[in-house]
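First chain written, first letter: the chains are A, B and C, and each begins at residue 1.
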Amino acid sequence: MKTSTILSPSKANSLYWLGRYTERVYLELHLLRLCFDKMIDGDPQEYGKYLSAIGGVSRYPDQASVINGLVHDLSNPASVISSVERCNDNAVLLRDEIKSPTLGYIQMPLELLRQNAKNGIEPNVDELQTLTDWMLAFWGSIEERVYDDRVRTILKIGKLIEHIDMNVRFDYKFYRIEEAFKALGHCKAEEPRAFNDEVTDELREMLTEEKYTDGGTEYKNKLLYLVGNAVVL
Amino acid sequence: MLDTSVTFNTSPNMQTLIESRDSVNRWLERYGVRFGVYKNGIFNEQFFPFDSIPRVIPRKDWDILEKGLVQRVKALNAFLWDIYHDKSIIKDGIVPEEFVYSSKGYMPECEGIDPVGKVYSHISGIDLVEGKDGNWFILEDNLRIPSGASYPMIAREITRKVSPTTFIDNSIADNRDYPEILKDMMDTMNAGRGINVILTPGRYNSAFFEHSYLAEKTGAVLAFPGDMTVEDDIVWYTGLYKEKVRVGAIYRRVSDEYLDPLAFEASSLLGVPNLFQAYKKGNVAVINGFGNGVADDKGIYYFVPKMVKYYLGEEPILHNAPTYLPYYKEDYDYILANIGKLVIKDVSEAGGYGVVFGRDLTPEKLEELKSLIVEQPRRWIAQEVIDFKDLEIIEGEEKVWRKADLRAFVVSGGSGDNGGVRVWKSGLTRFSRNPASFVVNSSQGGGFKDTWIMNV
Amino acid sequence: MQVFRYRFESRTDFSNPVKDHSFLLRSFPLEDARQTLLDSSLRIVPQPDSLSSGRDCWGSRIDYGFQAAAHDSFSYISEGTVEVAPYPIADESPSALFYMDSRMTVHDPAMACLSPKTDGTPFERALEISSRVKTEMSYTKNVTSAETTAAQAFRLRKGVCQDYAHIMISACRASGIPARYVCGMIPGEGETHAWVEVWSEGSWYGLDPTAGKVCDDRYIAIAKGRDAGDCPVVRGLFKGCSAQNTTTISSVEQSEQ
């Protein structure tokens, strides 16, 4: 019997968001380690910057609860556990596409975070590194186990969109955004109908080194808006 | 019957498996083997606790079970065909008409419909218990959407990894062929060379893990409500850019009344509108078929051994638990006289909640139940309490004995011999965690074991 | 025997456009021993992508289809000519289903007062039930819905023709008289009507508990079943967030021919 390579709109949407959230988790972990490092040097405002960049609200009274909150607080949408829960929400719908062993690399972080949050365990570098390892393993498992080009491409589109979004929020250097945008162009060649042409054209126009370096809040907000609307899945 | 449990479970290669219980449960976590439960309206996901001591069924016993299960399921499919066509079993006075028409599972809409290959119950989950005397009894037939096969499937995959020596040293029938059996059946039933899909109500269904796992393993597409449409009596699966592919077989995990909102429950958002019309035309296989509830009704259960004789002309190999229908005068008198030692089941309920043991009731409650039976005799059946053979499980650090049943999976409509009926050489063994409980329903907090068919 | 021109028109307006619209209609007079369809047509606007027809298990004609593109209204007109004979309809053995409670007609002890007090043929007893229903109930619109059961409507003692029919069916079945629900049209009513068929001595007879009379050859049946749940004239499911407003107009006129 025919094996279908057809992908439903709802699965495409889940793939896109799975790509976005796995990348978000990965970058959050990276940024958190940097942020915690700066706090050691006595900059207690660092997490406030982190939160405002990621769109969360500062709500914790002291440094210890900040660290815990950014990792284990499910009521904080900017926490790592929240992002992993969102990964899971999408990944469980995709078991037949990404396969159970790949799904395991979402299930393990989820279970670890849920357990640690439940048992009030303070986040530590081992936990964060383990989570990072699993996120990398997730992407490795996609490479190894998923042969459907469309599935891989849509996941990658989500990953790159999130990558650009986070890099803009955290004022990363232009070349990093340019690189990701270029990679997104390759995805667009493979899956042209997944993109809004007008928005991607506008993005391309806005993404010059000069404009990016000189750009103020308005420019940045516009950029983030366009990034969020470039894909129509 | 051979009592293997004591010596067998202390052999060294079994010990490694038994000691690996935590490791197995970790692997189950890793694979997201959960089931959903609603408590006070809040959705929660739980793990289905695995006990590493397997239920062992010796080959010679299994051979009998297998023959009996094939026989029973053939008779049940013949009954479904008959009920929705000639009704000869009613005309010949074997099953009273009112038991059929008053069953909630009877669907007049199915009258005269010829499902693909005449198969109604493609996947039958037959629940059995083993008595202390080694005799097996049928507890109930599940012919609508029996669930649970995925748990022993994935448990076996994991235990083989975790304790390979156990599987080298013991001759255990491989059970990893269930996806092949399913796929072969779906391909054989498939109408119009379309794709196979598994239709799930969605991730908040208690068996969502199973739906997604079976899709992965059989290569069928996991379909959600809204993914399919019906045009010109053909079912189509719609892709991302509106491209359409024909659907030939739907292994649906949505119940009859919600499966087509235009033909049945209008408020359903879980169905495929006009699917019933496509099914009626024979343009799609619906697995399991519509209207099967009439054959797995608790009231109809009593008649299954009679069906075996009636349709197949054979003596039933497997027996029901001794059952009485208050509908018949003789049984009615017996039930009222012996209610204290019987188990009474409410025919109109499912899920293990409508089961009452006479011995647990106060005299007042017994009288109350009696008057209910007098009022509505058709609503009840009564059974002798079977003295189950308990199975060993590990509770904390010690081994304890608990009640358990076995759900055997019988797949009909495949390409092989025997009319395409195959019994999966495994099954779901569920046990009750509560030592006093006879009810082993997983929605009431039990666990499960692997089931080994062994050449011992 | 009478010949009628009938026309049934339904229009649904959506406040926001909807798409992927599946629908199923029952809009043709039944073709049975009592009714012969001389000519008929069905027009649906907008023209659906697919349209099929068949019969449901009770013999009613169904037309069903699918419309993918967005649209903000859905209407259909069914019209034609039908020849109608008077009741009864011969039937040697009615299905056991018409003896039993159905979902919307589950009997309630409160309805005991509707039981016939006299002996007689099932038809005569049903007639007595019909007049008791009419006496007990007061015809009131907008207090019940399409989902209201016989017991609920009887508690209110208020309702419309569907409720009258359900209550009568429930009482008939409780008295051992097979009964079924009929949805159809009669001359002089702007909308669909509901009545009851009861089985007596080898034939089905029509009784109209709302009008309190025996049905004649002006009663044109569209759909029959255990209760109204088997006879919806239109059902649809679509994607889109929209309020909807449906108006239906039916007209039946004696034909010139």
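Following the convention adopted for this analysis, a residue touches a chain if its C-beta (ideal position, glycine included) is under 8 Å from a C-beta of that chain, and two chains touch if they have at least 3 such contacts.
Computed from a predicted model, the values in this text were never measured in an experiment.
**Q** Viewed as a graph of touching chains, is the assembly arranged as a line, ring, star, complete set, or other?
**A** The chain contacts form an open line.
**Q** Most remote chain relative to chain C, going by C-alpha centroids?
**A** The chain farthest from chain C, judged by C-alpha centres, is A.
**Q** Determine the centre-to-centre distance between chain B and chain C, using the mean Cα coordinates as centres, and give it in whole Å.
**A** 39
**Q** Just give me the whole-number Å value for how far the CA centre of chain A lies from that of chain C.
**A** Distance between chain centres: 57 Å.
**Q** Identify all positions of chain A at which a residue touches two or more other chains, and write them in rising order.
**A** none
**Q** Could you pull out the residues of chain B that touch at least 2 other chains?
**A** Answer for chain B, listing residues that touch two or more other chains: 226.
**Q** Any chance you could list the residues of chain C touching two or more other chains?
**A** none
**Q** Per the contact definition, I'd like the list of chain B residues that touch chain A in the complex.
**A** 29-32, 186-187, 190, 193-196, 203, 208, 212-213, 215-216, 219-224, 226-227, 237-241, 243, 245, 248
**Q** Which stretch or stretches of chain B touch chain C in the complex?
**A** 97-98, 100-102, 108-112, 226, 229-233, 242, 261-263, 266, 273-274, 277, 280
**Q** Quick one: which bits of chain C touch chain B in the complex? Just the residue numbers, please.
**A** 20, 22-24, 49-50, 52, 54, 56-58, 62, 64-66, 68, 95-97, 100, 226, 232, 235-237, 239
**Q** Within their complex, state which residues of chain A touch chain B.
**A** 1-4, 6-10, 12, 89, 92-93, 95-96, 99-100, 103-104, 107-108, 111, 193, 233
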